[in-house]
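In the two complexes below, chain A is the common chain; its partner is chain B in one and chain C in the other.
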Partner chain A sequence: MEQTMNQATTPNQLGASWKGIAFRWETFLLAVFAFVFVMFAMASPYFLSVWNLSDATFNFTERALIALPMAMLIICREIDLSVASTMALASVAMGMIAELGAGVPAVVVIGLFVGLLCGLFNGFIVTTFGIPSIVVTIGTMSLFRGITNGLMGNEVLNSYPAGFSYFGQGYVHWVFSFQFVLFLGAALLFYVLLHHTNFGRRTYAIGANPVAAEYSGIRVNRHKMILFAAVGLMAGLASVLLTSRLGSTRPAIAFGWELSIVTMVVLGGVNILGGSGSIIGVVIAAFLMGIVTFGLGLLNVPGVVMTIIIGAMLITVISLPIIAQRLKAMRSKRL
Partner chain B sequence: MTTDTPLFALRNVSKVFPGVKALDDVQLELYSGQVTALVGENGAGKSTLVKTMTGIYQPEAGDIWFNGEVVSFPNPEAARQMGITAIHQETVLFDELSVAENIFVGSYPTKGWLKSIDWSTMNERARAILAEIEAPLSPTAPLKGLSIGQKHMVAIARALSVKARVVILDEPTAALSHHEIQELYEIIERLKANGTAILFITHKFDEIFAVADRYTVFRDGRYIGAGSIKEVTEPELVEMMVARSVKDTYPKVEAELGDTVFSVKSLSHPTEFDDISFDVRRGEILGLYGLVGAGRTEIMKAIIGLSPKASGQVFLDGQPIDIRSPAEAIHHGIVYVPEERQQQGVMLDLPIYQNISLPQLHRTSKAGFLRPSREYELTQDYAKRLNVKTSNWSEVVNNLSGGNQQKVVIAKWLATDPKVIILDEPTKGIDIGSKAAVHQFMSELVQQGLAVIMVSSELPEVMGMADRIIVMHEGLITQTLLRSEASAEGIVSAATGGQS
Partner chain C sequence: MKFAMRIVEQRELLLATVILFMLVVIASINPGFVHPENLASVFNDTSILIILALGQMLVILTRCIDLSVAANVALTGMVVALINSVFPGVPIPLLLVLSLILGAGLGAINGAFVWLLSVPAIVVTLGTMSIYRGVIFLLSGGEWVNAHQMSPEFLALPRQVFLGLPVLSWIALVVMVAVYLLSRFRPFGRELYASGGNPHAAFYTGINVGLTQFKAFVISGALAGLCGYLWVSRYAVAYVEVANGFELQVVAACVIGGISIMGGVGSVGGVILGALFLGIINNSLSVVGVSQFWQLAISGSVILIAVIANSRSERRADRIILRKAIAADALQPNPGTAASR
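Up next, the complex of A and B:
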């Protein structure tokens, strides 16, 4: 009885013991982050400037904003590969309404709205027809990008209203950009949502066993619909930030971002097959990827090499714990 | 007792998993040319034992003896090298390959410096092995055309291809016809004649007494006893297995019957069932018996809103209700414990307490925020009542035995405080002890005034537990009987479409 009372005070796996925390993926990622950080600080004298570090956050906050709901979607055994195209479509919509003379609020709202609409469309197709989301969203990835190209041709839309630039370029206080603060807020929100609410628990339950979840009274399709909508909405938000930061819309805006977003999620420890993962992991992974691209940029590493280094890093970081585990298993067998 | 030294032995072997000691200081001796039957309930540690013997698991303590020496199996290959082979129900065979390829998979005979497969040698050797076990199979026949029994022979031939010294047969007869079982017995005799030591794992006592020379009993991961099969009787074995004498009676309690709480009127489905009407009263267990494919599960799915094509009416406390999803069914107090425990019932990777609180997070949470302490309380209340065996409610369900998993599923549904509970094959694939616990619990439920609908294809269970029995055949109700009127012959006849 006493033992069970003790259990009641350690409510779930997330609040595990020190030993449990020490062996978690998030701890490992944090260590890698610290290591990379120190290496860059030694390699470049410019790295440790607060303004430079603040600039570094622009490398990842827009992607990371989408990675947050994407993590939940992947935990739920679905995925959305159309997010970059969604951003492009939202950006075009904003550019066009801005050309008609719309003010800042209208531009932002239309960006968010188009993103939401794209997400709802994906969710509708997936849940209504039961087609795997990887197929549906590869389709809509082309579809949304195609519509973007059709609407724009070779134009550049850049007549955004004054004040719109704040979202992508403004600072809330000192070195803290609007983007960065927004990302921290969103990360906190999604952390609470995934780890401390019924909605989050249901997300894990669906990821663990969608059939049993349905039998347990979870409205699985509705749940997935909400997550697709959330991903779309955040893609719309990211589009607002990116468009504002660039000050213009081109057809190739955010091209290829869906892969770096999914990379962030996977690097953050979310199982690509669904069922497990955490927001903290995704947030650390976002910081890690951001700091690496920024640091390599400071060291004047060319873009091509940077891509190679990031790819190698992803493989190394993900395989290291597995190799360590194998070594440990081999050693224990020998004893 | 044999005076020889055993060919293979486990001495004081332990294997620990988080929260469970799967093997606790167990002993096992296998003798050359003899069949040893391993007897135990589900969860006794039999599958862990097999995995330890074949190098899939490494024991934390104890020694493995082979041919008078201590050996260790760091991996499955090491056990295979020593000639230890297991034939499971799910032995991995490859449908797209030929019989001979399946027999030699992983160690194809080769020729030349290119190491290309030597087809003629392989087929020749396969033919020899097949002849040895008198299996009428062509080495070049594709596996996918074979029956389950024939595939079994291929699995056995594979075991023999590596000069097996110890053969583990893990419930080999589960999917075999009577004739195929006889053939298996003959193969076992030939293996014995070759001096192979055989471990025979089964639930069927007639098989134990038909083929085994010796027995070993495990219970709850512990070694209980062993000896010659000639010196033991079936009741003695059962008693060793379950630590109490099991009389084949059901803990049926005649609860006081109350008002009709739930009824179904002319429920129909375009293809699965037609014109189904029944009602169930408080304190009543309604048994729904029928063969597989009679439409029982489909009716239950229609009731809880998982079958949009169905039509008909459902009443709760005399009021018509409309259920379009399991969520609405739960809201009305009608819960369904599904047949396929692992696919439909539990989240194997989630902790016990999260499984149990899942259908009613709205009750354990506050304004949408989780309150794990409340979930723990709920789990403690219900999982304890059902006597779920675990050290920790945070243990993932996957680490529990089948019977305990089923208890978690039932606890999950009871915790929703239902009016009507539908149990679909509640004791399918669980051990005797858990079965009794589930039956006992059903009696407690009706005494508390619940209405229970029990779908089952186990005749003794239906006759032992139900107050009223509905018999179905091909989507139609063919008979409704009171407990007192029921006879096994009558029920089977109605279920197979005989008289009505």
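Up next, the complex of A and C:
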């Protein structure tokens, strides 16, 4: 009774109820990815080129970098909708300090620092006043973007130091861009953090039952604070990459990204109500969204149509396991 | 002192006091702003936000959220604009009914997923938000529908002055009264509060929580559809990005007005004041001499301050309940209370 009323069924319960790895959410996502990949390879002759595929990674690495800590935050029953605005604010800070003639390290550090600061601010308000983070971050989303607008007006900042372009445009080796390698490293880091450390276990514990977690000695507020800070820091990092890739800062930079990042996390099988999810799922979802965007682009499908497909994908992918479970429940009732 | 405390505890009174104070400050800088004629135009400017926020309120009361309202506005707006540009003969009342039905249909899609599949509302509306926007592009081919393609009657309706106020303002007033009556005096209105306040208790009282949520989405959708026509006709243009990002303003108006995002708490008066608050800020910045570029930052800070202020009063109530629960526990051990909080 409690379950059906209070918690929506989650993709991850698929893995829990149907035994075996074959029915895990991640496996399903991987199958979808493989299917989409093959379809695109057959539909467009340009798809299977290493350089094209390498270019495709630029579509999602910046968002995916934020999706990693965001997944942990959502597992922990919180959310941060201000990430895109955080990116904008960090980008402005970098642009302004670059205007003053700062070098590459200073520009990067200020970007990361502003991101971290924004994350800490969110975390502070959420934990101090006990307000739902969705409300707080809707507020800071306007606040951070608003400060960006206020500082910039109609200007464009684009006097970045030489060498700054490496982060967004450089290649580490052959077709592997700096961004992509950085993302793989970050994915590994967050995988270990969530699935193989006490910190990760605590994240699930808080998400499953914050009250029980508090009573079992977990410092819930401190934990949430760290996660908000991590999201902010990664937003700062993503801002460094994006600013470097574009070579300029405009007030509307990264506008609307918060929703595609949340879509990525949810598509990856993280329960929006907290308590379950995995980094592997999020990484596969990132690749899936990247490949769909890129492949449709090759087929000359306009960007707005892609938003239909991404939106439909989100809803379908969440509904399918629920329908499957309903059917299963109906069948077992009949027996 | 006691009076001051009572104002602080009464959210609507507090908000009204803040708005009055704000008006006094603005008037001291530019007395023209508080001229009744100007205040009426500010209200007219805020009408669409008020209508949408009232719809959103019904949804949030049931512990859901509708992020697709702005996309709904844009899609219905585009559909009626296209119909009007291709068949200028279609009477405007018919278009109005059509926009209501279409909006309600779009809301019903959201509601059906929430009701029948219990998908979290934030996920559903996040998805439909981008789908509805995309559909506008498919319908219009990315083209704009401009003023000269719309019939004069189509453009005139919200501007027509009736008893000193434009029709747009009158529509907002009617919606305000209707939602007030619905939420206070109709069984359905009370079901909304019950479903969000405590879904379990509502279920045991015989309320179909899912169906209530579905209905809330349909009403919110219908109001958004109505606003679709009003928006397009008022600004005399329809394109893909109409009202882009407006859903957050709508949620913000609710939050400032004291609607708890956890459901079950809030009033029509609060939401109207919350929307007016944002409307006055948006309209007064240029009057006060603050650059338009700072507008977003100011409404952001206002949202934060409002939710922090609201959280304090809510928390006080929580503690009292908890103390009662603890007292009840002491008398009669009941393992259920701690977990339910």
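To be clear about the criterion, the second predicted complex is superposed on the first by the 304 of 335 C-alpha atoms of A that agree within 3 Å, B and C clash if a C-alpha of one lies under 4 Å from a C-alpha of the other, contacts with A are read in each partner's own complex, and residues count from 1 in each chain.
Operating definition for what follows: contacts are C-beta pairs under 8 Å (C-beta built on N, C-alpha and C of every residue); 3 or more make two chains touch, one makes a residue touch a chain.
Because the structure is predicted, anything quoted here is derived from the model rather than measured.
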item: Touching partner for A:Val211 - first (chain B), second (chain C), both, neither; value: both
item: Touching partner for A:Gly146 - first (chain B), second (chain C), both, neither; value: second
item: Partner chain(s) touched by A:Phe60 [first = chain B, second = chain C, both, neither]; value: neither
item: Touch count on chain A, higher of chain B and chain C; value: C
item: Chain B versus chain C as contact partner of A:Phe33, first or second or both or neither; value: neither
item: Which superposed partner A:Tyr160 touches (first chain B, second chain C, both, neither); value: neither
item: Which superposed partner A:Phe183 touches (first chain B, second chain C, both, neither); value: neither
item: Touching partner for A:Ile125 - first (chain B), second (chain C), both, neither; value: second
item: First (chain B), second (chain C), both or neither touched by A:Phe287; value: neither
item: Overlap of chain C and chain B interfaces on chain A (superposed complexes); value: 4, 8-9, 211
item: Chain A contact footprint on chain B (complex, rising order); value: 58, 74, 304, 306, 325-327, 329-331, 336, 338, 343-351, 353-354, 358-359, 361-362, 365, 368-370, 372-373, 375-377, 380, 391-394, 412
item: Complex contacts: residues of chain A adjacent to chain C; value: 2, 4-6, 8-9, 125, 129-132, 134-136, 138-147, 149-150, 152-153, 211, 256, 259, 262-263, 266, 272-273, 302, 304-312, 314-315, 318-319, 322-323, 326
item: Contact footprint of chain B on chain A as seen in their complex; value: 3-4, 7-13, 196-202, 204-205, 208-209, 211-219, 275-276, 332-333
item: Residue numbers on chain C that touch chain A, as the complex places them; value: 65, 113, 117-120, 122-124, 126-131, 133-138, 142, 199-200, 203, 209, 240, 245, 248, 251-252, 255, 261-262, 291, 293-301, 303-304, 307-308, 311-312, 315, 338-339, 341
